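Please go over the structures that come below.
The two complexes that follow have chain A in common; it is paired with chain B in the first and with chain C in the second.
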Partner chain A sequence: MKNKEAVIIGAGPAGLKAAKQLLEAGAHVTIIDRNKKLGGQLVKQTHKFFGSEKQYASFRGIDILEILVQGLKPFEDRLEILNETSVVGLYKDKVVACVKHDNFFKIKAKSIIMATGASEKHLPFENNDLPGIYAAGAVQTLMNEYGVKPGDKVLMVGSGNIGLIVSYQLLQAGVDVVALVEAAPQISGYLVHASKIKRLGVDILMQTSIKRAIGKDQVEQVEIWELDEVWQGIPGTERVLGVDTVCISVGLAPLTELLMQIGADVEYIRELGGNVPRIDFRYETSIKGVYACGDVVGIEEASSAMVEGAMAGIHAAHDLGYTVEDESRKLKVLQEELKFLRSGPHAAKVRAGYTKLEVKT
Partner chain B sequence: MTMRNKANVVIIGGGISGMAIAYNLAKKGMKDIVVVEKEYYTAGATGRCGAGIRQQWATKMNCLLAKKSVAFFEKAQEELAYDGDIEFKQEGYLIVATTKEEDEQFDKNVKLQNELGIPTQKLDKEAARKIVPYLNMDIVTSATFCPTDGHLNPFTTTDAFYKAAEKLGVTFYKFTTVTDIVVEHDEVKAVVTDKGTIETPVVVNAAGGYAKDIGKMAGVDIPVYSQNREILVTEPIERMQGPMVISFSKNIYCQQTPHGAFIMGRGDNRPPGYAMDSTWEFLDEMAKTVTELLPPIGELRVIRQWGGLYNMSPDHQPIISDAKETKGFYMACGFSGHGFMLAPMTGLLLSEMILGEEPSMPLEDLKLDRFEGKDITNMEKSVV
Partner chain C sequence: MDPKNVIICRCSDVTLQDLYELFDQGYETFEELKRIKRVGMGPCQANTCGKMVQWEIAKYFNKPLEEVKFQNMRPFTLGVKLKSIKEAADDDEE
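Moving on to the complex of A and B:
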C-alpha cells in the first residue's frame, strides 16, 4: 500500500481548485479521476458560462478547464495524477481502494478531499431501458467530447439549465428537438435559455411528462401526457410523438456513496439534490481529515464548486500543517464570492438547502 | 398514529426472530401482540446475513433445531400463505476439510447427524469434486454433504412471517426505539419507547446484537456480546454452483443466490462492540481465500461489501429462555451467527414457553441458567 499526503477524489472544477491551493501551500497531491481527461463536467461544456466575473462567466467550460489545468503546471513535481482510475472503496483508516485498467490497488491518505460531483437522475416509465434513452449529460458527452450525434429526433424531458442547454446544442448539431416536456408549471432553468430554443421552434410543453417509450429494439415513438397539480398523468391526454431519442434531464444526485461507506454523517436534503454529507464551515465532514466540496455537497454550479474547492483545499493544507499565505484574507474573499453567487433568486433553493443542513457560511 | 398503551406481549426487534415469535403466538390465539423495531424490519443481522440453512452441526441441540426448522421451511410458503417467494433452494451444503483434525472431527459430526436423522454423507475428494468441479483439490482432503441444506432469501422470508402475523392481528411499530423496561416487584410492567409507553405483563427480547442492553433494562444479565462479521456480494452470472461451500479451517462460506450473484463471508475475530464497518482487510482476505478454494470465483467483480453483528453466546448455541429474576421477561438471542436458519424453532419454542405449553423439545440446553457456575463442555465448534 502506498502512502500519500493529500488525495483528491474527482478532478472536476472543485477538485482542481482544491489541488491548486494544496500545491501552493506545499503539499503533495494525488488527484484521482475515473475519466481520461481532467475537468469533470467541464470537459463537455462548450457553451459560454453564466455566473460571476471572478469565476470565469462568459468563458466556455472547456476554456476554464484549460486555465485550471495550466494552474497546476508549476507544481508538477509534487502532483500525481491517476486518471482512468475509479475509487471503489473508502475505509475508516483513510485507505482509498482504486481500480485502474482492471488492476486493484490501495492508497493510504493523510487527508482526503471528496469532489466526486453528481450523477444524473433517471425516471421510472414503461420501457425506460430501451436503447435511445439517454441522460442529458451523456448526450452532451457524446456530441461535444466524441463528436457523435445521438439520433435525429429527440424528446427532451426536463427544463432545467442542462435540459435547455443540451437542447440548444442538439439544434446546433442539426438534430430535431421535437418537444421539451416539463412536469412543473414553470421553466426551472434560466428564461434566456428557454427563449432561445423556443425561437428556434422547439415546442415547450408545461405540466407534461413522458408516459412510455415505444419500440422493439430501440425507441421509435414516445407517448406523452399532461399532468395534474400533483404530477399524476391525466388519462385521455396522451399523444404519440415520433422520436428515436429520449433525453432525460431531471436533475442530479450527489455522489455520496463513498462518504457513506467511510461512515461520514449524511443527510437527505431535497433542495441539495439528495443525500449530502454534513460538513462544517471548513468543508470538513464528520470524519476528521475528510473534506467535501462541489456538487457532492449540494447540486450547484461550476462557479460555486470552484470557490468551495479552493476553501476545502486551504483548510486541508492548514490541517496538514502547511502555512497558507494570507489565509484569513483569502478565505474571506472566497466567502464573499460564494455569498454573491448564492444571492440571486435562482439560488433560493440552494440557500434553503444549506439552511436545513445548518452550514454556517 | 397514536400508539396503543396496553398489550399482552411486546416483542422487541423486527428481525426474523421477532417476526417468527409474533407469528407463532398469534397462531396459537394470543391477542394484543405488539412488535417494536427501532429501524425498519430486517435492519439488523437478518437483512445482513448469508441466510444459509444447514443441519450439519457438531452439537445435538443445533442439529435438532436446524433439522426441525428445515422441515418448516420446506412448507413455509404454504403455511404462511405467502404470495411472494421465500426462495428456499435445497441444493445442499458442501463442507470441505483441509486438515487431518478436521477430517476426524467430520467423522464424529456425520455420526451424530445421522443418528439424529440428518442425511449427511462423508465424501472423499473425488466425490466432492463431482459436486463442485472447480474446488481446489490440492487443499481439499475430504468433505461432508447434506443435500437438504440450502439457503433462503432473508428479506422475503421475514416478510412472509410479518405478513402472516399481520393477518392474524399483530400490531407493528417500526422506527420506534425501546428505551426502558419498567419492572416492579421483579415483574415486567411496561415497555417505554421514544413514541410512548406500553403496559404489558410480557416482554420478549429479540433485539439481536443489542440483546444485552435490553436485558439490562429489565435487570437481567445476559452473557452475550456482539461482534462485527463482514460479507460481500459479487456481480451476477449464470448459475454454476448449487450448494453452499464452506470451510472452517479456511474460514469461508460461499453460495450463489438464485439470481446469480455470489455471496461470501468469513469470520475474523473482531473486538466485541457494535461497529459494523466494512474493512479493506476483509476484502483482501476474502479475495485471497475464495481464489484459493474456488479459483474461478476469484475472477468476479465485487458489487458491495457490508458488515453485521453476530450475537455470541458462551457455548455458541442460542439462548431461548425466560428469566428467573424477572417474571414476564423472555429472550431469544446469542445465536452466534446462525439464528436465521433456526427462526421457525425460535418462534415455536418461545411461544410455547410464554403460553405455558408442553415444549416440543427439551429446553435445558437453551435456557439462560445453563451457564450458571458451570464450565462450558458443549461448545459448538462448527461456526464460521
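Moving on to the complex of A and C:
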C-alpha cells in the first residue's frame, strides 16, 4: 500500500480547484477520477456559463475545463493523476481502495477531499425501462461528447437548468423537442433559458408530468397528464404525444455513498438534493482530515463548486501544515464570491438547505 | 397506473408492485427491502433506485422523507474481481 498526502476523489470543477490550492501551497496531490478525461460534467457542457466573472462566466464549460487543467501544469512534479480509476471503498483510517482496469490497489491518504459530485434522479412511471428513456446527462454525453443523436422526437421532463439547456442543445442538433413538462407551477431554471426554447417553438407545459411510456421494443409514444396542487395526476387530462425519446431531468442527488462508507455524519436535506455530509465552515466532515466540496455537499452550479473546492483545498493544505500565502484574505474573498453566487432568487432553496445543515453542525 | 410495469430497481428488476407487496407484509425500511428483494444491491448501488425507494416508503407510510433512513453503504461500490483482490494481496506480501 502506497502512502499519499492529499487525495482528491473526483476531478470536476470542485476537485480541480481544490487540487490547485493544495499544489500552490506545496502539497503532493493525487487526483482520482473514474473517467478518462478530467473535468467531470464540464466535458459535456458546451454552453456558456452564467454567474460571476471570477468563475469564468461567459466561458463555455469545456473551455473552463481547459483553464482548470492548465492551471495544474506548473506543479506536475507533485501531481499524480489516476484517471479511469474508481474508488470502490473508503475506510476510517483513510485507506482508499481503487480499481483501474481490473487492477485493484489501496492507497493511504493523509487527507482526503471528496468532490464526487452527484447522480441523476429517475422517475417511477409505467414502462420507465423502455429503450429511449434517458437521463438528461446521458443525452448530453451522447450528443456533446460523442456526437451521437439520441433520437428524433423528444419529450423533456423537468424545467431545471439542465432540462432547459439540454432542450436547447437538442434543438441545435436538429432534434424535435415536442414538449417540455414540469410538475411544479413554475419554471425551476433560469427564465432566460426557458424563453429561448419557447421562442424556438417548444411547448412548455406546467403542472404536467409523464404518466406512462408506450411502445413495444422502444418508446413510440408517451402519455402525459396534468397534476393537481399535491402533484397527483388528474384523470381525464391525459394526452398522447408521438416521441421516440424521453429525457428525464428531474434533479440531482449528491453522491455520498463513499462518505457513508467511511462513517461520516450524513443528513437528509431535501433542499440540497438528498443525503449530504455534515461539514463545518472549513468544509471538513465529521471525520478529521476528510473534506467535502461541490455537489456532494449540496446540489448547486459549477461556479459554486469551484469556490467551495478552492476553500476546501486551502483548509486541507493548512491542516497538512503548509503555509497558504495570504490565507485569510483568500478565504474572505472566496466567501464573498460564494455569497454573491447564492444571492439570487434561484438560490433560495440552497440557502434554506445550508441554514438547515448549519443548525445541526 | 399499473405498478407491475413501473421499474424501481433496474439492476435487480424490482417493480413498484414488488415494493407494495413487501410493504403490505410489514417490511418498511430500506434495509429490510434490500435483504428480501436485493433492491439497491446491484451495479448502481442504489444510485438510480435509492431516491425512488425512499420516496415510495415515505408515500406509503405517510412519513416525511427526512425520516426514511437510507440503506447502509458498504464497500465495494462496484464489482471487483476476486482475482484482482488476490493479486493485490500477493503484492502486499512481497
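Heads up, the rule we're going with is that the second predicted complex is superposed on the first by the 358 of 361 C-alpha atoms of A that agree within 3 Å, B and C clash if a C-alpha of one lies under 4 Å from a C-alpha of the other, contacts with A are read in each partner's own complex, and residues count from 1 in each chain.
As a convention for this text, a contact is a pair of C-beta atoms (placed from the backbone, for glycine too) under 8 Å apart; a residue touches a chain by one contact, two chains touch by 3 or more.
Just so you know, these numbers come straight off a predicted model, no measurement behind them.
*Asks:* Between chain B (first) and chain C (second), which does A:92 come into contact with in this model arrangement: first, second, both, or neither?
*Replies:* First partner only, chain B.
*Asks:* Answer with first, second, both or neither: which of chain B and chain C does A:153 touch in the superposed model?
*Replies:* A:153 sits against neither chain B nor chain C.
*Asks:* Which of the two partners, first being chain B and second being chain C, lies in contact with A:330: first, second, both, or neither?
*Replies:* The answer is neither, since A:330 touches no partner chain.
*Asks:* Output check: A:346 vs chain B and chain C. Expected answer is one of first, second, both, neither. What do you get?
*Replies:* In the superposition, A:346 touches no partner, neither chain B nor chain C.
*Asks:* Is A:253 touching anything from chain B or chain C once the two structures are fitted on A? First, second, both or neither.
*Replies:* In the superposition, A:253 contacts chain C only.
*Asks:* Looking at chain A, does chain B or chain C touch a larger number of its residues?
*Replies:* Comparing touch counts on chain A for chain B and chain C gives C.
*Asks:* Does chain B (first) or chain C (second) touch A:261, or do both, or does neither?
*Replies:* Both: A:261 reaches chain B and chain C.
*Asks:* Between chain B and chain C, whom does A:106 touch in the aligned arrangement: first, second, both, or neither?
*Replies:* Touch status of A:106: both partners.
*Asks:* Hey, what residues of chain A end up touching chain B and chain C alike?
*Replies:* Dual-contact residues (chain A): 89, 91, 97, 106, 261.
*Asks:* Given the complex with chain A, which residues does chain B contribute to the contact?
*Replies:* Residues in contact with chain A: 277-280, 283, 305.
*Asks:* Going by the contact rule set out above, which residues of chain C touch chain A in the complex?
*Replies:* Interface residues on chain C, with respect to chain A: 1-2, 5-8, 10, 16, 45-52, 55-56, 65-66, 68, 70, 72-78, 80-81, 83-85, 87-88, 91-92.
*Asks:* What residues of chain A sit close enough to touch chain B in their complex?
*Replies:* Its residues touching chain B are 89, 91-92, 95, 97, 106, 261, 263.
*Asks:* Contact residues on chain A for chain C in the complex?
*Replies:* Those in contact with chain C are residues 1, 86-91, 97, 99, 102-106, 119, 121-129, 211-212, 253, 255, 257-258, 260-261, 266, 268, 270, 274-275.
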